[in-house]
Every structure is written in C-alpha cells, then in structure tokens.
Amino acid sequence: MAIRVAIAGARGKMGQEAVHTVMKNENLELVAVLDYKEIGASLAETSLFPESYQVPVYLDLKKLHAETKPDVLVDLTSPESVYEHTKTALQLNIRPVVGTTGFSDEELNELAQMAKEAKLGCIIAPNFAVGAVLMMKFAEQAAKYLPDIEIIEMHHDQKLDAPSGTAMKTAHLISNQRPVHGQGHPKEKETLRGARGADYDGMRIHSVRLPGLVAHQQVLLGGEGQLLTIRHDSFNRGSFMSGVVLSIETVMEKEELIYGLEHII
Amino acid sequence: MAIRVAIAGARGKMGQEAVHTVMKNENLELVAVLDYKEIGASLAETSLFPESYQVPVYLDLKKLHAETKPDVLVDLTSPESVYEHTKTALQLNIRPVVGTTGFSDEELNELAQMAKEAKLGCIIAPNFAVGAVLMMKFAEQAAKYLPDIEIIEMHHDQKLDAPSGTAMKTAHLISNQRPVHGQGHPKEKETLRGARGADYDGMRIHSVRLPGLVAHQQVLLGGEGQLLTIRHDSFNRGSFMSGVVLSIETVMEKEELIYGLEHII
Amino acid sequence: MAIRVAIAGARGKMGQEAVHTVMKNENLELVAVLDYKEIGASLAETSLFPESYQVPVYLDLKKLHAETKPDVLVDLTSPESVYEHTKTALQLNIRPVVGTTGFSDEELNELAQMAKEAKLGCIIAPNFAVGAVLMMKFAEQAAKYLPDIEIIEMHHDQKLDAPSGTAMKTAHLISNQRPVHGQGHPKEKETLRGARGADYDGMRIHSVRLPGLVAHQQVLLGGEGQLLTIRHDSFNRGSFMSGVVLSIETVMEKEELIYGLEHII
Amino acid sequence: MAIRVAIAGARGKMGQEAVHTVMKNENLELVAVLDYKEIGASLAETSLFPESYQVPVYLDLKKLHAETKPDVLVDLTSPESVYEHTKTALQLNIRPVVGTTGFSDEELNELAQMAKEAKLGCIIAPNFAVGAVLMMKFAEQAAKYLPDIEIIEMHHDQKLDAPSGTAMKTAHLISNQRPVHGQGHPKEKETLRGARGADYDGMRIHSVRLPGLVAHQQVLLGGEGQLLTIRHDSFNRGSFMSGVVLSIETVMEKEELIYGLEHII
C-alpha cells in the first residue's frame, strides 16, 4: 500500500520538485499540502501545477490530519515554521521528514525525546542529495588509509561564501578520522598568497567560482604512487529528490529521530 | 617491537619495491629473502640493491625459518611456486601475505583449513592498491542508491586485454548489489558499432588505451540531477606498497585466511 | 548604436533564451519577432514572457522589415521554414544568423552566392556553444602533435543515438589532421565485445549515457609520459547564447556567408 | 638522411631520456656526447647505458665537431655552462636546441644576433612538454571568448613553491588576452582565509600538493551554462621527449633564434 504523504512548502522551488516526485512515484500518494496562506482549494487551482493535481490545500495541520490522515509530513518550509510543524506532526502521530537546518540543540533534543516516546520515526536532513552524502561518507572512510587530502569545491560565481557548507562539513568529518597533520612540504612557500588554499586542520580546501558552474565537489586523497578522487556533481535541484524519497520510505521503519541522511545510507 | 618479515620474489619489480618499503618502515624488519636460484649471500651482493642491504638470501624456506624466525612471509613470486610456499609457511608457523592470484578453489580451501587449525592469519590479495580496493568497495556501496553505472578504465596502449581485470571485478561486485537493468534508452541506437561500450549485466564498460597513460579507472554513478564519480589513478608500482604494509600489520592480528584486501579495509 | 535584431522562432526553447539574451544585452535591441501563427500583437501578450516585453509580433517578414528595419534576423525555427526566411532576409538587406542545420548543398551554394552579391554577412551555425566549438578546434590543432586520440562523450540516458553529433564532428575534424592509424596494441583483444568503443578512422569513441548527465565531451590526446585533455561541459541551453551574441556582432562586419562558428572564432 | 645529433648533459635524468629517444628514432643519429669530466671513451663504458651504445664521448666541443660533424647540439646541462656551449655551437655552424632557462636578456640578445647573422636555427625552450605548451596556447586563445578563468595545478608534496612556474606562465599569457577583471561575486567572503586561492590579475590559481601526484594542471574557463577545461597530465620525464624531437627537426629549417616551444607549434 502506498505511503500517504503531505507536503509543507509545496510552492517553493524544492517544494514543487517534491510535489512532482511524490505524484510520479507509485509507492507514494500525495494526500494534502500545507500552506500558510490562501492559495485555493487544491494544487490545481494555483498556476504552478497541472490541472490533474487535485490535491487539497490546508492552512492548519490538525485539520489536514483529521481529513487526510497522512503517514508522513515532508517539510520544506523556512526555519521559522519548521519547528512548530514538526512538534505538531509528532503529536498527531505523523512522521516528519524535514529538509531545513536551523534547529537549535535544545529544539533537536526536545524533538528527539518526543519521537522516542511516541516511537515515531523523524528524519531531519540538511542535505538531501544522496550522492553528496555518499561522497562525504566515503571520504571519511578512506581518510583512515589515505590521510593526505585536499578538497576542491566549485560553484557558480553568485555564491557569496567560500568554502561551501558541504566542503566544511566534509573536512569536519574527515578530521575526526585522521590526526591533524599539515600537508605540502614543511618548507613550502606561497609566492602568491592564497595559492595553497584554506587550511582546515592541516587539510587544504580550494573554492572555485565561475559562471556556468552549478555545485560540484571533489575530494582528492593521495598516497604513494596513487590518487583516489571522490567527486559529486549536482546539476540541478532534482539531485535532492532521491534523498526525499529514501527518507519517506525509511522514516516509516524507524522509531526515533535521525539527524543527517548519512545515518540511513 | 618490529614485525620480522621475509620476502619471496625480491628481485622482481614488485619485490624490489617491497624490499625498499620494508627497509624504510621502522615498524618492520627485513630478516631474510627467499630465492629459487643462487644470487649471492645477501641482497647487497646482487647489483639491484645498495651496499647497506645486508639481508641474507635463502634457497630453502625451512632453513630460512630456522635461522631468521620471520613472523611474516611476503610472497610476490609466480603462481607456480606460491602454493607450496604458502603451505610450508603455515606449517612453520609463519603468516603468509600473498600477492599473486592463480590459486584453485581446492587450494584455497586447503589453505583456509590449515590457517584455521593453526590459528594463523594468512592474507591473499590479487590487488594490493588500497585506493583501487576502496574504489571498488565504494562503488559497490553506492550502487544501492545510484544503480545507473558506467565504468571507464584507461591504460597505456601496450595492454592487450580489454576490459581490465579491475574493471571486470568492479562490475562483478556492483552487479551483486543491483538488479540487472539495461542502461541508456531502450530504443538507443549505435550508429558506429561499439560506441556504447561493453555490456556487463546491463552496465557499460569503456576501455581507453593511449600512450602515456598508466592505470586509471573511474566509476560513474548517475541519478536525477546528479553524478557521483569514484576515480583511482595508479601512477606507478608504489601504489601497491600501502596495501603490502597494511597486510603485514593486519595478518599478525588474524587467525584465519582472508582473500582480498577489501575484507581488511 | 545598438544592433537592431529580429528573432524567428521566439517561442521555442532556444528562441525564448535568445529573446531574454537580446533583451538584456545593451548593445542589442530586439525590434520584432516573426511567427507563423497568431500569438498576439506583442511578446507580452503570450504567457511566455513578462509584461515589459512589448516587442511586436509579425507573421510576414516583409511587413516586419518595412515597419521595424532590423539589421539582423536570428532564425531558430525548423529546417522547413529556415531556407525561405534566409533567402527573403538577404533580399531585404537583413543579415541572417541561422541556428539550424538541414540545408542542402544546393541551398547553401545559392545562399552563399546571394550573400556575396549583396555584400551581406550571413552566419549559419549548427552549434552555437562557443566552448564546444573551441574544444573541436583545439583537438584538431593538437592532433598534429599528439595523434593518439580517444573521445568520451557523455549524455543523459534519454538520448537515442550514439555517438553524439558533436563527437562525430570532432572525430571528422581530427581525422583531417592525422593519418589513419589504429590505436591500442595491434594484438589487443576485447574479452567483452564493445569495450574498446567505436572505431572512427582508428580513433576510438566512447558514449556514456546516464540519468543526471546533460551534455559533456572530453577529447583525450596521449603521448609518451603525458595526456592532454580538452573537455566541454554544457550544463544548460544558456551555453548557446554566447555564440548567438558573437554571431550577431560578427555578421555585421562580414560580406559573405560563413558556415560554422569555428570560422569566426 | 638522418639528422646528426650531439647531446650535452647525457648523464643527467633528462639527458639519459634524450639519449634513448635519439637512439630509437630512425630519423636521428646520435653521433657524439659532450661531457665536462672523464667518463670513458663511449656511452657504453659508463654503467648508465647498454653495451650497444657505442657513442663517443668528448670533453671539448671543437674536437667533437671536428671529428663527428653534428647538425644539432641538444644541450641539457646546467645554466652555468649552457651559454658558452650555445655560443661555441653557433660559431661552429651547429644548430643548438637548449632545454634550460636562466639566460639573461643580454645573453639572449647576443645569441639571437649570432643566429641571425649565421642564418642558423637555434631553439631555446624552458618547457619541452608539447602537451603543456598546447594547454597554455589554447587557454590563451579561449580567454578571448570565455574570460572567466581559474587554474588548478597539482603536484607531488615535495614541491616547495606555489603556484608552479607553469601556472604562473599560463596566467601571464591569459592576462595578455583579457582585461583585468575580478572573479567571484564582488561581495564574496572567505570564511577560511585562502579558500579562493591566489589572485593573479583577477584570475584565481589553486595549488594542490599530495603524495602520489606528479605534475598536472587544469585551466577552467566558465561561461553561461558551460565550462571548458584544458588539462595536462605529465606522468614522467618522457613527456619532454616529444618536444625535444620536434625541436631537433624544426631547428634544421629555421634561420634564427626561437624562444619557447609555443612559437614552433
């Protein structure tokens, strides 16, 4: 039987992708969407979706639950509303799948406690791209055997921060697996400042920004006579959808809160 | 205390690298080498090694054992002699680390039985390149989540067989993790025969042969909006040495036969 | 002064991109579009463009010319109509920039003759992606020095034909620069048929098809101890727009027909 | 008829490669080598070459010339001796092919004058790797059309300086072709210092240093919706030999001094 899914934030960029993904997946049924303002009685009444998307829209999660009995609430809204949604969902016996960051440690602890008591799965994932999570996981594992590592991340030139969040997270995970050790020759010299990149516990991170690029990262692990490269290219938002589907399927089998896709892969 | 190591096949290309690697590693001590013909009393007497390599050469493994008491025998000889060496080593309480393929299933079973009874570690590894083994392992793991996969292997143009053994092994491991499913569009058409590469259970393998190349492989795993690439470059024989050292260290802690570096990584 | 541009085929995928590109470029002015059916008096009246796009729509090129006096006609329509458009444009003193293939040799000769007599530039380009054209050009130049070459092209798995048109064109250009010579060892053996890819005059072409991929090609040129790789990634249709703009600017300075972006780069 | 070649510096790493390369090439004949100290009467008498290399060794270039009449002197010695060798060669009517840098501008001018007057070819090349020179040349050409550029160079971790000389030269050549313009968003922010690499006239250069790597560089050129990558991998010293042969052949047809392989490619 299909898993009954509700989506909060269906009009956003990620939300629209999620709507299409659930509608097309025969193991899932989109029973309702949750919005914070009047957008019509069904998705079809907005101009964003085709006529056939006769999915009812609710402004209140309790009413949504009473009338459509979803198994899972996929929440792709903003950090402001996501905490309340998740709490209410757990109280209503709905399993949350949440795609935003921005919970405080206190909030996470409270939600973990609630999930545990209710024996309900709850998955919170800052990054739904399965490939990116695999890249981080593999880099972490390989660091034990090939501890000399540099990260090159490449993004479009409208990105403001460098290094990217994914690069920082990758470096953080790796640094748990290897002793701090500087890379390059101890006497190496930058004749142009910055050439050797950013230093994270001795590892080097390089951030490339060019028009045309989307979101790409490679982790290079060098050893005597060899190089292991783990690379992820994200070409568009569709890359997140495999993680959303995996989370929906997995949350049904869990009885606790799980933070990070890496723990269900 | 350093692990006492003997090497069989020290004059071969791999063997010479192994000699240097063990000599330079302070946790290992090269106590003897085994050869099948007279080459002088010590490595220094061959023209292949420096004057300081005063390591005794033996033609008989029993005598070698009696006089130098090695903990481990690293065997890099040919398939013809390796089975007898390994059997004798186990009888003498020496732990074998073997770098050649070519055992029959029967021989493997017998050696496994002997190792188990003697409670001795014995590691047999067709491929000692840690990075290549990690690549295969990661490809296998990722195939569960991203089952659309193609392999591109690239070697120098003197290589006779295509695809390479590593590509075949990688495909074999992956095919255990995913259902057979064809790739590309069902109606796709080769306007030049061979363009879509070799078909291995629906996966595609492409073999590039060019002067200048050494030994390289990439596994490409595609999913909606994303691509995960796991690549290994082997630039020279030194790439095998990390696996030799890891095997020597690990074989001391085992009490059974292990086939394949992937089981100790 | 801005170049006055008209676009035929403005509602197609390429056409829409071209409309936005011309509208945003301050050296260009979009004075009219040509369509074959009634779609409203201006682009703003279709649902495809914003309210501010008050660009008049014409069904007849002569009337369009009489009322808006374009310097250049960018034609992104289908092969059926493009020949008539181009001929009429040249008669009206408008310089054509054409983005479709499918002219017969006879038609090309006639158009070349007309352009020459009228001393009007006319650019016909099967591929507007500047980067792809540079890749082909560089591969052709490098083949003189590094004649051992393999091509790997990678596309999404909905593509029906293999190898891609760009790969075939690249191989064709290269084969003009080097003698036919087989690659790989003369005694090489495919243990799985197709592993060595398609054979084009001794060169090898490999076609990868995976979900997630867009349009990518790399040309690998091997020599003793080295590899030169020329790679082009096309992430979306925007990649063609640099070539469209370059063609509009260049066609104003020419007095003849030019076939292929490579001749103006 | 074969070109008669003499080599200075035949015992060095590059020199040994050059000896083998000339010996194997049927269009070339190795008639003599020049050394600064007694090493025996022929190459075969050193322990570095096989018995069959019966090539006479000279300590004096004039005597070498009198007895063996070479057409070309390939000079792979150190900067100290190379200037005198080159001057003497030109006086003796021998065409020099020189693989070291380190001439002063004054010396270069003098040698250029001598070559011109004698109508003798003379090729001085800081980098003999044909592929690396092609990479630089293509990057320079492409910069006109895709002016947003970053360079990633990767070397073994024993290299002391960053960026590499080749990366600096590439950036220098590119900067002649494009106006200085900063890359990345004007408001971009490094949260870890150095992440965005070194700044060369607005271009970014990133230097990776890992064990196992040899000498690799990629030039990335981004444009709307696309990326052009030009990459060179140098796996061993053999990569220089194609440039040595090309220079020997070309110097015979020239009547002047040429500085840089890029001017004969």
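Going in written order, the chains are labelled A, B, C and D, and every chain counts its residues from 1.
Note that in this section a contact is a pair of C-beta atoms (placed from the backbone, for glycine too) under 8 Å apart; a residue touches a chain by one contact, two chains touch by 3 or more.
Small disclaimer: the values here were computed from a predicted structure and weren't measured.
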item	value
Chain labels contacting subunit B and also subunit D	A, C
Label of the chain whose CA centroid is most distant from the centroid of subunit C	B
Distance between chain centroids, defined by C-alpha means - subunit A, subunit C (Å)	37
Separation of mean Cα positions, subunit D and subunit A [Å, integer]	48
Overlap residues in subunit D, where contacts from two or more other chains coincide	212-213, 221, 223-227, 233, 235, 238-239
Arrangement of touching chains [line / ring / star / complete / other]	complete
Complex interface listing, subunit B residues touching subunit D	212-214, 233, 235, 238-239
For the subunit B and subunit C complex, residues of the former touching the latter	148-150, 152, 154, 157-163, 168, 183-185, 187-200, 204-213, 220-227
Partner subunit A, residues of subunit B touching it in the complex	129-132, 134-135, 138, 141-142, 145-146, 221, 223-242, 246, 265
